[in-house]
Structure formats: structure tokens, C-alpha cells
């Protein structure tokens, strides 16, 4: 079977695994208070040009989103996100479980815009409503589209104007940076907080949360613990992030994934296959006849995105740091290339 | 000033106030364990033809909605409601505060339908999503439209098919019954739980919650207490409901409010004024030129519903059990009638 | 039956009821934005010498406690209270339902002290624990004891030292003020927030929350709404508080209740009956042989506080603004006086 | 430095690490739906003699406790635990954050007993209180004491009688089984749910939750996801548990840790050093003069348990699967042995 199901099907990049094995029998303090976490946090602060930022390491995407949002907001404050956003549909109501409404905004390409934000803020906001307070974006988006530096800066300005925090879920941040030409520093400049996703780009697991806004920093470690989000052997996260951030490996892996997706998308287009959204990063959403989807399923692992109409289905291919170019070729071959 | 702002601007109907005064110095047990509450509950069970139903008395609409929904659902279970529903926009995220997502469905006329419910249930529902579990309707709706018996029955069948509870917020149940030709028994037949609103139809305050589904009854009093929704002098609720339900007063008051709204709507139509929604109950939503709205505001109290376009605004007139027919005449006069 | 069960068995004081009747048909804005609430809030600010304080009117004791505490604390922050405190045992976990731990401290006389607070704060407090942040007291306490001005001031200093908010649940504040010689201004000086209880001292229902600390004021109305704690006909609270605070009526009623309790306690002592706690306010806790308790139950309504040992039970008598002196005499007679 | 700080200072047992490395580049489905998790769950069901039990793999102890308790209880239901229990003092209010009160019971040796449970259940439980519903124990306890089969069975009978669930936090279950002579099957027989701790006994991380009671199983995967407790690369948990449960390795490692603690405790007793609690498992709590503690800190890593009195402090030594016998000797030497 060819594997294009997702970008968390394999374990860790060899360099990350090597670091884990090398340090395995060291005896350190727990809960992320070790030297590995300190160094990894320092590296991230350096990369982002944020000498004062708080950096925390958590285990997964839903966990970091819910812990951060739960820590940042007061009870009546709400999140604004595009309707297809990860927190809207793929996290089982994790944000709501902590008491906060997520306001869904329509966005055909999966991207939040100042216009959408303004519309949400202009809706009646008073003592009888929730108060929109945090704009959630993910980069890349659920549709694989990406934000440019200009778009992030425009969102920042709009958030300043409307009194909103800007939070970027960077579960696929490497892919977004490679595809959109953004840098770590751009997120430091534009966001109140953002995550650097490890799970989908070379780690066994791990998301780094960077809290830029000083007002959002106090008490975060208590919130982590309360949410069950503080790993006992916390150094595992520091060790892994240290390894993946070394010598540009993080971006290198993301670029590989993006490049394979680009090759795949070009091949699909050459075959006349329509895509649901522009293939900007490492996810490709071809729309195929139902019969073709069924046939493909015999040889390829993928996810079904949605039924388009009576005869056609949109599916999702995801490439990863370990996707072999030959597998892309083989997939295109199966599709008639 | 003419008062068409809402139906909770005045105090209690004289018969209710008289009952409160008459019983004022009696000494009873607290928290709704008194004879007045028992009798009022029994009256409601009789009216609904539900000899086994649990009946609880709470203080307000948001309170009863959040307490009921919080008591009925497991953490990952969600509510489905039309996007303009009271719990979606007017309760400050009360349901979410207790941990539950409210899924918003579009409905131009404010009414939930089996088709909308099926669409929500057919969306991907799996281990990574919330699970729709309770269909929330209000009757009358936020737009003043009402459900018929047939529509309620269709929703019931659909909920059975999809494994959903049907919950009816009856903050204006009297008005809905009068306008839609439904009876208390219809709600008992179609709903897992519903409320009988007193605040907007003759009481100082008070909503009766009828829990029809036996599986939803256990522990409800503890949930009420935990939510701060158990009135110390609980008998005040029993005394008031007993008074308002006597001799058909509840429906009589609602019919009066509806009739004044009907007269108003007819007058508006005669004046060529467009309405946002059919004026089926005690709320009327005329669309007026901005200038006319401003002018009207000098002599009439009303709410602004929304800006329609560059030059027009939709406002809301609400009639109540105490609305004087002459006030309706005077309002129409002001509008050029 | 003689009624010594509680101080919320009757309705409202005649002056309060009269005000409700007199204003019944007025048409005002809802949710506490009316002139009655404004005036009552202003009166409270004047009485407390707090021209800037926020004053909110809520419906009941559990409701005001949970709404205030939920609004004031961050998720990992905890409440410290004596083990027998109202929020510890009589509110069905209302504070915990909003996510906050309540730390129970032992206190034989029901009163929190600086020593107890320091012990709680000196327990290990770190990233793995909740952080004590709000000291909850009630005055009067659950045992009917009261705090003096000096004790309140000492708690204030201790809270300042430890970084705690001081919150006083004044469900029986009138009784506490009369018994302990404290004034409204003392609470304004010593507390970050406190309540002035109406339910147990002449109102149909209603607790005023005074937020002294400016940092705790923003967003409180949204929290009220979210908690279902904003009364639609909010003016009912303003009307009642205005009436009860006029001409010293509030304190007068409390003094009456205290005086009857004092007479009762003296009579019990004269009969050689032991009390569980000093009868400082309007609650008296005699310890009686089980047989005497059973016998008494035939003619008197009271609550059982607890079983003391094999043969004795502690019961509770509560006096109120409407307790007739003859009823106290009659009760003492029944007990052999 | 000698390391006796805790049992989560090192990485994984070599056999576990080998399994992770061997399977690293396999491509599997995510979120624990892979064959490794299926096999590990099957192994656990076999070991416990529970062919129908639900087995879930989570990442850490606080996470599994809060997710399980949050999934099992209704809003007003409470947990009963000994006051020093992990959920009471070391989890930052995680259970309360999900809305549930934890009732603390005093227990000098850290063990819950039927007598304590009965006392808690006999406290006033009514509509105004939380309802105790889940008895939480940890085995081993926070003081290193262990439950025998008879004690577990007695708790089971008591819980049946009182209508309580029995939940065992097995963060150190291997150690408890070795020390107390209990088997996996004993937990299956006595508990409604229990965990098998991996983090402290050979895994990088991971706790298996066994849900014995069928009523507690539905919807648990949604709760996991909602709590951020579903690992994307879920197979990492299956791979590790498969490796550690093979050929009795799990119990072998626990026995090693216990044996080193036993040697240490015997050495301490020979030195006349008093212990806070019997050293039944892999934690030892010597009470030492403050000066000795300070001196020891120069060469040994350990935790301070508590200040005993003016001159003495209780500290904690923890042994682990990797503790070298020579390190125990060296520690005893440092203490004057």
C-alpha cells in the first residue's frame, strides 16, 4: 500500500530518535525543568528573535490548543475561527469543554481575514453575548492553504484594532513557513502566541508553545499541570526539539514534504484532475469520480475529505518528511499518469 | 413613551401579585419542597397529561436552559440549534460554560427542521468530534415564528431516528400555543423536556421545566443547586405558577398579547411596511427607513433587530399581556396610519 | 407548629412587598439597567463609603458565590474556607462545577483566622498544585458566630501579605453587623468583595454583590448572564433593596432577629441546656437528649444539625425579622422553661 | 550525584526503546487504532482475565485520572480520596477543573478504608450537597504503602454497599503488585476501572486505563480526544506496552525497584533512622536531622517530603527499575552505614 493518509504515520526522524537513544539513561529532573528543555526553549527564543518569550513543550495539538486557550481567556470570552478550523471540527469540543464558545466564520479557502474578523466583532457584542477575544488561525490551514507575511501582519493590525489576541496553531508550521515564505520571527512579531508543531514534522510527539504576549505568561505551568499536559519525563520534548531544530533540519523536512506535494499536485493537474483548494503545502485534495476513489483505495491509504456531489468525492493526500519520491510517482501512475 | 420594547417590562399580573401578597407571611419549607410547588407541579402534570413527569421551577430562561442541558448531556455531547437561537446568541455562552458545544444551523425563519437536523447528524461524527445529542428549539422562535403540532411531531420522529433529545425552550410557550394551536399535551408527547415560561407571561419571574424522559430525571435537583438555580423561598415560584395556570389565565394572557401583535402587524401591512418574518406571535419585526426609526424612537421604546442595508433598519415591537389596544393604535398613528 | 426552621420561611417584609406592589405595572428596561437598581446601588455605595465600587444584584446565595468566584479566579486558583463553610458543604459543589478547588480548613468555631490562612499558604504551593487565591468567609458563620472589626482587619492584612482576595459571603450580613458591631464601611475597607444578603433579612429574594477591588470588576455582567444570574425583571431587586435599606430598616430587622435569638439562648442556658457554639447572632444550636428532640418535633419546626453521641443530638433554631417574642417564650416553655 | 529523586528520571527500559526503534519507520493509522495498541490491549485483557474490558492508552497520570473521572461522573458527583492522595495535592486541581469536588479523608498511612468511606457516605448527602460517587485509591499510595487483595476486596464490597465506583490509580501498579502480592486479575475483580502505570516502570511515558464496568465504557474515546489525551502517533503507546508486558518484564522491573528500596530501608533501620511510613514498595521516607539533610543534598538527589518539627525533616528516596545496588550501598554509606 502506498501511504498518503497523514503526516503522523511514522515515528521520529532518525536524528531525533538517535538523540532519544543517546540520552535515554540520563537521570534528570522531571516535568520539563531539565537542561534539554531549557536549551530547546532558548533555541526557539533565538530563532524567533524573542529573548523574553515563554516557551512550553506539550504533547499534542489538541492539548496545546485547549490548554493555551483555557489559560488565556476569561469565562465569557470566545474564540473566533474559520468554520473548518481544527478546533471547530476535529477536537471533540475541547475548547468548549473548558467553557469557551468558538465562533465559526465561513471561509471557502480556510483562511481567516480581517474582513471576517470585523464582521464577527461587529455582530452584537454586549452583556448578553460572549465577547470575541482570541482569533484562532492554523498555518497551514485545514485545506493546506498558507498565510503570507503580509496576511499575518494584516491580521495582527486587525486584532490590535479589535482588541483580540492572535493565536496561530502551527501543527504544520514548518510546512507553512516553507510554502508561505514566513520565518519564525514573523510569528513572533504577529502573534500573541503560536505553536511549533513537532508531531507532524519529525518528532515522535511534541508541540512547542511560544507565548509572546507577557500578559499571557503567568500561571501557565499550573494550567498545563491541571490539564494533564505536563509530561513527567519532560526532557523527552526538549531532547526532540533540540534535535529537530539543529542545523535547519525542521525546515528541511518540511520542504521535502511540500516538494513531494507539489510534484503530486502538478501530476494531478496534468491528468486534468480538479483540486478542492490550491495545493500550497503538504496536503492535496483531488476530486475524483467515486469509482476511481474506490479503485484507488485498494492500493493507497488516504482520507476521504467529503462527498462533492452524486458522482464525485474529494479525498486527501498528505506527504511527509519521509515520503519517497517514487511513491508519488507510483500514486500518479495509479491515477493514470 | 409607548412601550413595545419587550414582554418583561412590567411586574406580575394582578392575580399573581395578589397570590404572593396573600401568602406572604406563611412559613413554609424552602427550596421548592412546599405545598404550593407540589400543587403547581401537579397542575402542570395534569395539563400535559404526564402523570409521571418531573416538574421543576427555576428563576429564568438562561438559567433553566443551561441547568437542563448541563444535566442532560455527557461532556462530549453537543446541542444543535438554529443559528439565531436564544442559546446561540443571547445567553453569553452559558451552555458552553458548562462544557458543551452548540452547533449552529442556518434557518432563515428561525425554525429547526428535520432536514437541518439530518444534515447536522450526517456531518462527520466520530471519535474526534462532538456528538450531537440534543436538539434545541424555542417556541416561539427568536423571530416570532411558531411550530405547529405537525412540525413538532416531525421533529420528534427525526430525533428518535437520530438518537437526539428534543428540548423546547418555552420562554414564550403561551404565545406559541395560542398562535400555533398546540396544547400542553403536544409538548409532553413530542419533547424529552420543555419549559413553560412565566417571566414573559404574567409572573414576576419563573420558568417551569417539565422533564418527560425518565432517563433525564435523576439528580436534577442536585444540578439545580449546583448551578445556583434553587430559590431559597422556592414557594414563590409555586404560588405564582398556581395563580397563572388557574382558569386558563396563562393562555388568556398570551392570546391577548398575540392579538395586539396581530392588530399591529395588520396595521403595518396596511401601511405598506415590510416585515422581516411573518408576525405569527407577539413579536413584530418591521423594516423601516433609518430616518423613520430615529423619529419613532422619540416616542416609542423598541429594540433594534439589525441593520438591513444602507438605508433601512429592522426593529422589533413586542406586545405583552398588559399591552393596551390604544397603545397599538397610537403606535400605528405615529407610523402614519 | 412553632417555626424556628430557618430565616427564609416567610415572604418579604411589608415595606418591601408594598414597594413591589406599588411599582408593579411600571414599564422599565430589563436586566438591572433600570433606575431602581441604579438608586439601590448608589445607596449601597454611600453606606459603604465606596463611591467607585461596582454593585450587582443577584438572586440567591449560591448563585452569587459561584458567579463571583468563577469571575474572579483563573482556572488553577483555589478558594480557602473553613471546612463547615457554606460553599464547602451546602452548595452542591457549585464552586467546583466552575473549575475551582475549595481547600477546607478545620475551625471549631466556624471562623477563619490568619493562622489558618498562613498554614494553607505554607503548604506546598507550586506548579503541581492549585494556588490559594481567595479567602472565603461568611459573616455570620454557619455556626452563627460573627467576626469583629478587628478580626476582619486582621484577615485583610493577612490576605495582603499572602496575595489573597478576601471575599465575605454576607447572606446574614445584617445579623453579623448587629451582633459584631461592624458597619457596611468595615466590609468596604476589609474585603475585595462582599455580599449583602436580602433573602434572609426581609426580601423575597436577592443578594447584593459589592466589588471593591477594581481589578475584579471588568466583565462581571457577562459572567452574570453566562451563569444565568441576570434577572430579566432586574428592577425587582433594585426595588426591594431600595425599600429595605431605607431608614435603617435592614439593620432594624436584623437586630430583632438577633434579640429573639439572644432571649432564646439565655432561656436555654437558664434551663441548663448546652449550646454547640456561642449564640452570637440569629442561630442557636442547643444539644438535647434524643428523646427531647423527638418530642419537640411534634410542636416545633427546626433543623437537625448533627448527632453528637449515642444519646444526644444538636439541633438548630433560627430566628428571623418576623419571629414573635411569644413564640420564643412558647418554645422555652416546651423545653421546660 | 546519587539519584533517588524519583522513578521517572531516566528514559525507557532497553527492551522498550528497542521496540520503538525497530518499528520507527512503520506507517500505521493514528490515534491508537493500530495493531500494536490492539495487541497490547488484548494482552492486558488476558492478564486481567477480563475478555470484555475496554483498554485505553493515555500519556500520563494526571491526564488519565482527570479524563477517566470526568468521563465517569455526572456534574454533581464527587470523588472520595485520602487527603494526601495524588489527585488531592499533586494534580493542580485537575479533577475540579472538570467540575468535580474531591472530598479529602484523613488517613495517616495513606490508605482508604471501608470505615473512612462509610464516614464520608454518612455525612449529610442530599440535594444541597455533592454526591460521593467514586472512591479513588492509588496503589502504591503516596506514602509507599500498598493494598492487599483482602483490602481491595473489602473496599469493593463497601463500594457496592454505598453505590460507589472504585477507581485505582496504578501509576506504580507494578510496585504495588510485587509488594502486596496482588495480581492484575485482582484489580479486574475489585475495581470499576484502574490504570497500569508505564511511565514509572520502564516506558518513556504511558498509562493504560482498564475500564471493567461496562456502564463506564461508552463515549470514552470522545472524552479522551476532548481532553487532548489521544496521542496522534498512538501506536507508540501500544508498542511500549507490548514490550514491557512481554515475558513478565513489567513485574520484574517493579520487583527490582522494590528490592532496592527494601535494602535501603533495612540499612536505614540498622542506622536507627526512623521512617515516616513502612517502606512497603519503592519509596522510603526517612526522618533526618535538618543538618544531615542539608549535608546529604550535596551528594544525593532526593525530594523533601515535609518538615517534621523544629529540627527534623522527612525526605523521600525513590528507587526505580534502573537503580544500581551499589548506589543504595553508597547512599547508606553517606548516611553513616
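We call the chains A, B, C and D, going by the order they appear; numbering starts again at 1 in every chain.
Here is the rule we use: a residue touches a chain if its C-beta (ideal position, glycine included) is under 8 Å from a C-beta of that chain, and two chains touch if they have at least 3 such contacts.
Since the model is a prediction, treat every value here as computed from it, not as a measurement.
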Interface numbering overlap (same over half, different under half) for chain A and chain B: same
Identity of the chain that, by mean CA position, is farthest from chain C: A
Distance from the mean Cα position of chain C to that of chain A, given in whole angstrom: 50
Computed distance of Cα centres, chain D from chain C, in Å: 42
Chain centre separation (chain B, chain C; CA means) in Å: 33
Multi-partner residues of chain A (at least 2 other chains): 75-76, 91-93, 97-99, 127-130, 222, 225-226, 230
Contact set on chain A toward chain C in their complex: 31, 70-71, 74-77, 98-99, 127-131, 219, 221-226, 230
Residue ranges of chain A touching chain B (in the complex, touch as defined): 75-76, 78, 89-93, 96-102, 104, 124, 127-130
Interfacial residue positions of chain A with respect to chain D in the complex: 3, 5-6, 8-12, 14, 17, 20-21, 23-30, 59-67, 91-94, 97-98, 199-200, 204-205, 222, 225-233, 236, 301, 322
